[in-house]
Amino acid sequence: MISLLAKAGLQLVLLLLVAPLLSGIIKTLKARLQTRRGPNVLQAYRDIFKLLRKGMVIPETASWIFSATPYIVFVTAALVGLMIPMTTTDAPLSLFGGVLAVVYLLALGRFFLALGGLDTGSSFGGLGSSREMTLSAIAEPAMMLAIFTVALAASSTNLSEMAKVAVSQSWKFLAPSQMLAFAALFIVLIAETGRIPVDNPATHLELTMIHEAMILEYSGPYLALLEWGASIKQLVLMTLVVNTFFPFGLSADWTARGLGLGLIFYLTKMVLLACLIVLVETTNAKLRLFRVPELLMVSFILGALALISTFLF
Amino acid sequence: MILLWLLIVPLAAGPLAFFLRRRQLMEVVNLFAFAVLLCLAAALGVRVLRSGPVSVWDGFFYADALSALVVLLSAFVALVCSIYAVGYFRHDERSGVFQEGEDLGGGRAINKLREYYALTPLFVFSMILVALANNLGILWVAIEGTTLASVFLVMFYGRETSLEAAWKYAIIGGVGLSMALFGTILTYYSAHQALGTDTLAGLNWSALVGNASQFDKPTMRLAFILILLGYGTKAGIAPMHTWKPDAYSEAPIPGAAMLAAGVLNCALYGLVRFYILSSKCLGPELASHLLILFGLLSMGVAVPFILVQKNFRRMLAYSSIDHSGIMVLALGFGGPLGVLGMLLHMTFHSITKPLLFFCAGNVQQQLKTDLFREAKGGLIHSMPLSGGAFLMATLAVTGAPPFSLFLSEFTILRAGFSRGYLVLPVLFVTFLVAIFSGFLIHIANLVLGPDPGIPAAETCRWKKSSVVGSALVIIVMGFWIPAPLFRLIQGAVDIVVSGR
Amino acid sequence: MTFLQDPEFGDRVITLMAALVLVLQIAAVGQRWLVSSIRIFAVQSFLLAAIAGIIAYFNHASHIYIAALLTLILKAGLLPWFLERLVRRIEIRREIEPLINAPLSILIAGCLTLVGYVVAQSFYHPEETSVRAALGHNTLAVAIALFLIGFFTMLNRRKALTQVLGLLSLENGLFLAAISLTYGMPLVVELGIFFDVLVAVMVLGILVFRIREAFDSMDVSKLRKLRE
Amino acid sequence: MEGLSAVLGILQGTPVRWSISSGIPLVAYSFDYDALAGFFNLTLAILAGAVSIYSFGYLKEFEGKRNIGFFGFLFHLLLLSLTIVFTAANALLFLIAWEVMALAAYGLVTFYHEDRESRRAGLLYIVMAHIDAGCLLLGFALLIQVSGSADFASFRTAAEHLSSSQQAVAFVLFFLGFGIKAGVIPFHIWLPAAHPVAPSNISALLSGIVLKAGIYGMARIFLDGLGVLPSWAGLLVLIVGVGSAVLGVLYALMEHDLKRLLAYHSIENIGIILIGLGAALVFRAAGHPQLAAVALIAAMFHTLNHAIFKCLLFLGAGSVLHSTGTRNMEELGGLIRPMPATAFCFLIGAVAISGLPPLNGFVSEWLTYQSLLAGFGATGGLTRILFPLAGSMLALTGALAAACFVKAFAITFLALPRGAKSSPVHEAPRSMVVGMGCLTAACLALGLGVTWFLRVFDAMNEQLLGQRVGANLITGNGFVLSAGVPHGGTVSTAVIGIGLLVLLIPAVLLVSIGTRRFATRRGPAWDCGLPGLTEDNEYTATAFSKALRMIFSVLYQPRREIQAVFDVSPYFPKAIHFESEVEPTFEKRLYVPLKDLLLRFATRMRAIQAGSIHAYLAYIFVTLVLLLLFGVRR
């Protein structure tokens, strides 16, 4: 029981530290690709700490839901982080929540984020929530198909089991079903974390912003929590994609050596994935809102093909 | 002796009422006569159960379980209608309906009442005679008697439309009965071949049924076809049903109720008697094919008329066409189950149908119209008792489960399946559902709805007591059937199936 | 005078009279005058009474005599008188054009006779019927034909009175069938039937009078108010 | 009291049988209180308790206008008939109770029979109910014909020598009958019409438990009465379930009448239950009783959950209607301040119905997912692909349900009140809040304590499928729910709940850094420099669902009508009237043409009663001649 708490604490700290670092790395990489210096990698940490120390303004029309939303978003993201195998195959809370629990906990966070957006009474919040709920609804079946493909290989939805099975059959990731599932999940990753082709994280232009519109009214510590929660969610999803398809270097147990080695492998894999995301972001322009469902339909078809190919080949 | 008393009481009540002239006295005589009649009928039922068929005057009057059942039902209907008639005619007198007929030569109001109170006992007398007559010729004479008595009932109000209805009723009834007479003659001829006797017993039912198998086959086939068409006309089966809507919408409500519940039973009783003879002589195929054909045809004909009906009095007529179709279909399915279904249905129908007519009567008298368009709905506010009873009666008559008719329809359905049919029962249930929906939609729009502001009108004691009384009987019948009645029905089923 | 006892002679006479009744019936179908169709009905009833008398004479069945007598008095005498009185009081002499014009309706009457014979054919199996029963046998076909043509006249005519006449000729057909097939029903039944026919005609007579009163014409096709 | 007897029935597991014979042939008032009946009675008991507490407050408003006695009579008649339906052991008694339930519900739906709309909806309800009673009548008659007696026990034994064609016909009849009552997609048109017009406490009961009568019927007959059904039957149920789920939620999204939205959601949840039931049937046909038991638990557990949170949501909508007098969301808004308790209960209901963790909706959907996943391995051929596809459709439904309830909750309760509310809105009376409160507690309890509750299904599973899988569904010393497969998926809502609370502490600490230094101020929301935000700037329900309306326009065929009122030039309109409407495809394409065809045929048929006596005589004449010619010769 105690070792469980210790493992959870360790993974929580790791989670909280790496998440802003990763979003910082993505920002700087994108800037470098566009031949500009871009902000320092640690800029994300400074933003969060600056915001934590600021005062807050809450809109008059808002109710208790507005102030509860940041907590729920942050907490759900953190809890999901504890269920994902990051450096070792044995994630601390994996017994208590499989991949379905991960998906639905993220949905819970999104549910309250949308409510928070609508609570402000301004049309931006309504705009953001409506688009967010619509796109996530369309993305859901594609994600579920991809997850089913992977879960069926390990005949279990428990993430640690899936990771253990993936590690044991090392070259399995070259199988066509895994490749197709990876492609589907990658598109869904971009949609969920609000990257360029679906939503532009850096802008406040009403026409294009989805995620930003919902947190427009937040300020001070609440905004910090939300930003931090969003970056943890991004980290979690990227880890999910990485550790299920490329499980190299996942150590089997919680020894110090295993942890260190696992961490190094884990960070390199994350940076590589970040490069891939940045590459996609800079080469594509943002899609019109009603073109995004076609993109997600493509990912749904890929997921379905992945599923069929599991028992064809 | 009970048989003679059963006949004498109504026979005496008719002329007695005619000479009494004063309304209260006539009502008392009428009520008392029919009350006594019901007790006698019950006594007859018990007697038949205990000691088998009863006959008097060496077999001229003969009562077995089947006829006892029909007598009991006719007596019950007569009593309930007479209770209702008291309130109904008092309301008619007050609202001056008779004056309208007078300028057409209809005679003063009191003459109308005397006419009604004289004719109704004669009408009931001929219905009882139908059930008790052992001789098939006398059976025919009795049914002709019911027709003649009821022609005046249909002509009661003397309006142009009631004349038209009476004329159509008389002519179609006359044609139908002449076909029935022809059938009876042919039956006598085919029996004559086998029995060879010329005495009166030649046409007695008890004598015929014994050796029905040696009758002359082709004659018996033609005879059954003619009987089916003849008594079918009186029962209102499909191609011969056209007189029913006119007659029922023009006759006074008690008269119409007796026509619907009483004459229907007598006509079917006659049909069953000949069905037994023909199935013993020819085997059941011919009879069941024809009966099923006509049964489904009448139900089929009733459906479109109920769906798009504009007049609730005529809708009741189509509902009774539908029920005669159901009973004929049940007889067509045959076998112990089919016949049980038919007799159960006949019993429950005779109990349920009068209530429907009483509620329709109350509504018509209150709103002075029988068109759905003119009755603006929301009846539940001004007439809560008859509005609610109307809705309940609709559910009961269309065979909604908590009420008894559902049980008989379920037995008929099982009979259909046991005969190996599959498409027919499905058709049967579709018709039932269609009629249920048509009926309920019309009545619900009539009864429910915003308050049209008509003053509350449930005043007359007599009408209320008859509505509440028959409603109670229907509800009780849904859950529990008195054991002697059920044994009587089973006795009747044995007669029809084994043809004893 | 021996031929009076010879059943062969009786059979031939009966067939002749039945044929005559049938011819009269077909003539009535084409008839345009009210009074003359009543008279035709009276003659038919007389012939039927005669047939009944002959059968009674040959079979020495006493109760058929009573039936013959009743037919004679009732149908040949009383009813025609009652109907003619009714016609005189209503002062309508001419029957207007029937629904189907005269030649076509006569043709149809012919076909109906054919149908009558076809139906009667299925009964006639000469081998087993005794001579006595054969006596009135071929009159069954005539009876069925009478029945059908009577029905057709009711169908075809507009006047209420002629519909009543059609009904009566229908009854005549039945009476003929009864006496020819089974030498008359049991007496009580015969009486009952006569009584009912009488009352029926009385009732219809009152109705015709009231309709004449209300619609000031006997034309039944005007009765179309009660419709869906 | 009912609850107690229900639990007693389940725990024993042995069926309690007692019967009174009645005078009527074939109808024996015999009852069979076995596990399945016990479970449904438990659901009924919970709902009945909550709704009756709720009704105290709700009916106070009726005091003068309507006679409460009649309402009470119908209410208890409905409960009684439901209990009999669940426990009837005799087919005929089942049918009688079934129709009495329909009639009582009809009486309650048309309780406000003043307005035409509720009368029309009531009639539609009773006609559809009678059609499904007709199908059941035929089905039972067929079964009785085969088995000889009308007892369910005899059906069980007679199931062996049902020929496959008879079994197929019986299955279709029963699926049609129970499907109409459960509001499955092609036959659902009465549900969104009837539930909104009924008084709220009744529509709660209707959606909660009366729909479940159809599910109970399917479970009783398909699993118990007809023997082992072929796999195509299970697949049909599954496909219809998926169809109902997806279409139900899609139609719900477009509604801006609160109670119609909830009614469409009932269709969606019935679809999810059918997915579970279909999977159970397919597994049983493929010979995997173990997996069938898990799928059946998923279906039955979702029945219970749906009964609870749908009833909660309807009661919430009822209290909103009670206070504001309108169901149209466009006129509501900002109700969370005057009605905090109702808002909180509605929120819990919304979270539960969208299947979000720690609550009970998530658990039953999780079980359904696990059974669908297991289906991939268990079934052969093309059906293997069908199960994961059904899983993805289930996910789509869940996400759309979440979107729909964000809209429902936010537009009704959050931000500024939209309509010009004349009277000040007051919180629902205490008894209504208590009614909702205990249902909310039930949601939480079932969500978190699911593992203790699973043993309830053991007796039922053993009776229907002969499997006791309760034990291996619970591992990890009683906290974790597993999918019954070794190394299979596991989830523990209890730990998730605790985890959420524990992680709340660091979050609160982080926030307190800022709030200790500066007081949080309340200021106006950002209005891009316009003179202050009014309720007109807020998002409306139609706007919220516009994105989805455009994406699924092939299904909705949306129709839009914009009239701009302007005096000088069209570019400066004084007022714009916007009206958009979604096409009710099922009604327009299927039911209305059918009805018109029937009525046109009926009016044409009226010609045969055209009043001329000659025509009437001609009918008889022709029949006579035909019969003479053909009848005699044969």
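In this document, chain identifiers A, B, C and D correspond to the written order of the chains, with residue numbering beginning at 1 in each.
Definition applied: a contact is a pair of C-beta atoms (placed from the backbone, for glycine too) under 8 Å apart; a residue touches a chain by one contact, two chains touch by 3 or more.
Computed from a predicted model, the values in this text were never measured in an experiment.
*Asks:* Give the chain pair, either B-C or B-D, that is connected by more C-beta contacts.
*Replies:* Of B-D and B-C, more C-beta pairs in contact link B-D.
*Asks:* Please flag the chain sitting at the greatest distance from chain B, going by CA centroids.
*Replies:* A
*Asks:* Determine the centre-to-centre distance between chain A and chain B, using the mean Cα coordinates as centres, and give it in whole Å.
*Replies:* Their C-alpha centroids are separated by 79 Å.
*Asks:* State, to the nearest whole Å, the distance from the C-alpha centre of chain A to the C-alpha centre of chain C.
*Replies:* Centre-to-centre distance between chain A and chain C: 102 Å.
*Asks:* Just the number, please: Cα centre separation of chain B and chain D in whole Å.
*Replies:* Centre-to-centre distance between chain B and chain D: 45 Å.
*Asks:* Using Cα averages as centroids, what's the distance between chain B and chain C in whole Å?
*Replies:* 32
*Asks:* List, in ascending order, every residue of chain D touching at least 2 other chains.
*Replies:* Only 606, 609, 613, 617, 624, 628, 632 qualify.
*Asks:* What residues in chain C touch two or more of the other chains?
*Replies:* 119, 122, 151, 154, 220, 223, 225-226, 228 - these are the residues of chain C that touch more than one other chain.
*Asks:* Chain pairs that touch, all of them, please.
*Replies:* A-D, B-C, B-D, C-D
*Asks:* Give every residue of chain A touching chain D within the complex, in rising order.
*Replies:* The contact residues of chain A facing chain D are 12, 51-65, 70-71, 74-76, 78-79, 82, 93, 95-101, 103-105, 107-108, 110-111, 114-115, 118-127, 129-131, 133-134, 136-138, 140-145, 148, 151-152, 154-158, 161, 216-217, 220-222, 224-225, 289-290, 293, 300, 303-304, 307-308, 311.
*Asks:* Show which residues of chain C lie in contact with chain B when the two form their complex.
*Replies:* Residues in contact with chain B: 61, 119, 122-123, 147, 151, 154, 160, 163, 167, 170-171, 173-174, 177-178, 181-183, 185-189, 192-193, 195-196, 199-200, 203-204, 207, 210-211, 213-215, 220, 223, 225-226, 228.
*Asks:* Can you list the chain C residues touching chain D in their complex?
*Replies:* 99, 115, 118-119, 122, 148, 151-152, 154-156, 220-221, 223-228
*Asks:* Mind listing the chain D positions that touch chain A in their complex?
*Replies:* It comes out as residues 334, 336-337, 343, 347, 351, 354-357, 362, 366, 369-370, 373, 376-377, 384-385, 388-389, 391-396, 398-400, 402-403, 406-407, 409-411, 413-416, 476, 479-480, 483, 485, 487-492, 495-496, 499-500, 503-504, 506-508, 510-511, 513-515, 517-527, 533, 535, 537-539, 543-548, 550-551.
*Asks:* Of all residues in chain D, which touch chain B in the complex?
*Replies:* Residues of chain D touching chain B: 22-27, 92, 95-96, 98-100, 103, 110, 113-116, 119, 122-123, 126-127, 130-131, 133-134, 137-138, 141-142, 144-145, 169, 598-599, 601-603, 605-606, 608-609, 613, 615-617, 619-620, 622-624, 627-628, 631-632, 634.
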